[in-house]
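Please read the structure below before turning to the comments.
Chains: A, B and C, in written order; residue numbering restarts at 1 for each.
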């Protein structure tokens, strides 16, 4: 089976957000898949997708603090500055974290570790709704 | 053909480890695949998988030094601190390096470059055994 | 359908290069694919592949400046130094950015966002031609 759909995430504040439920609710075909893979590709260059800890919100707020210090705004050598001081750092963070995930499906469910969830890493101050192309393929149940 | 198995890696010390042989020995079905892809997804949020240099161990020790300096322990702004000073940095390193790889199979073998190997990036002081969901699909030989 | 080919990119100067057209011109089978995935795996450990902004060249030059500051040459603790001062930093940048991408295909085309393109991140001063194993699979048109 192959199934492909473009899903949309509601606008998020700048920061790291746990979106597993929001993503999976829009891909019901996963339940029909015995063994397979789900590819999620974010169609944006100033946000990212990542797998990380799904329980403690302080992990996500610490991530935001860390990445803001790692990729500072307003560095004097930046040339791509006309879309705001958050823009070029957002592009860099997107490439550091990655815009695409390919994840295993087993018995109709995403087969992640107990503590793993999908993060939308929103690096713009006002990023708006984000689109993800979700491509699922595998063997049917 | 589709094939999916959960494999386990022996406990490793904190650092970067070349695990190509340990991984591949547990996925013999690769030999039955003419053209295909292997997805490896680590079910943990404080370790990572990466492709890098497979010959000189000093690359791996330099990586450990670099990442410890990039993501420091005990930063005063960290809030997720109750699982030890190595824990939040391990989560950040995991997202920087990534927990999942999708790699080509050709003629019954992983088709990597001559100098490429699979790294398990163990970011905890005592991470224990690590699980990987290995999903293989392709055309049979 | 499954299709796999090893493509080569012309030698590039150190820096970030938009290579979407150079890559896609060598994978005409994409046009035969209705729904599918394209895996691109770079067979090198001192360069990387990434998705990012496809319009303004200053994003790519800012990336080069940023990553040179993030991963400095000639750090006194580096031990892997005998292939030149650009070598170990190139390995680290490769793992930070990643050597492999898996991207959606829809209606015979790569289905990326309007502003997304494929970057070859060349981290060596003289990296030479780079090889990519391109694996395509999906449903035929």
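The criterion applied here is as follows: a residue touches a chain if its C-beta (ideal position, glycine included) is under 8 Å from a C-beta of that chain, and two chains touch if they have at least 3 such contacts.
If you're wondering where the values come from, they're calculated on a predicted model, not measured in any experiment.
Rounded to a multiple of 5, the C-alpha superposition of chain B onto chain C involves a rotation of 120 degrees. Taken over every residue number at the interface, the positions common to chain A and chain B amount to under half, indicating a different-residue contact.
Averaged Cα coordinates give chain A a centre that lies 20 Å from the centre of chain B. Counting partner chains per residue, chain B shows two or more touched chains at residues 70, 96, 98, 102.
Listed in rising order, the residues of chain A touching chain B in the complex are 35-37, 50-53, 56, 58-59, 61-63, 65-66, 70, 96-98, 101-104, 106, 111-116, 119, 138-139. Contact residues of chain C toward chain B in the complex are 2-4, 39, 41-45, 70-71, 75, 77-80, 88, 91-92, 94-96, 98-100, 102, 131, 133, 135, 137.
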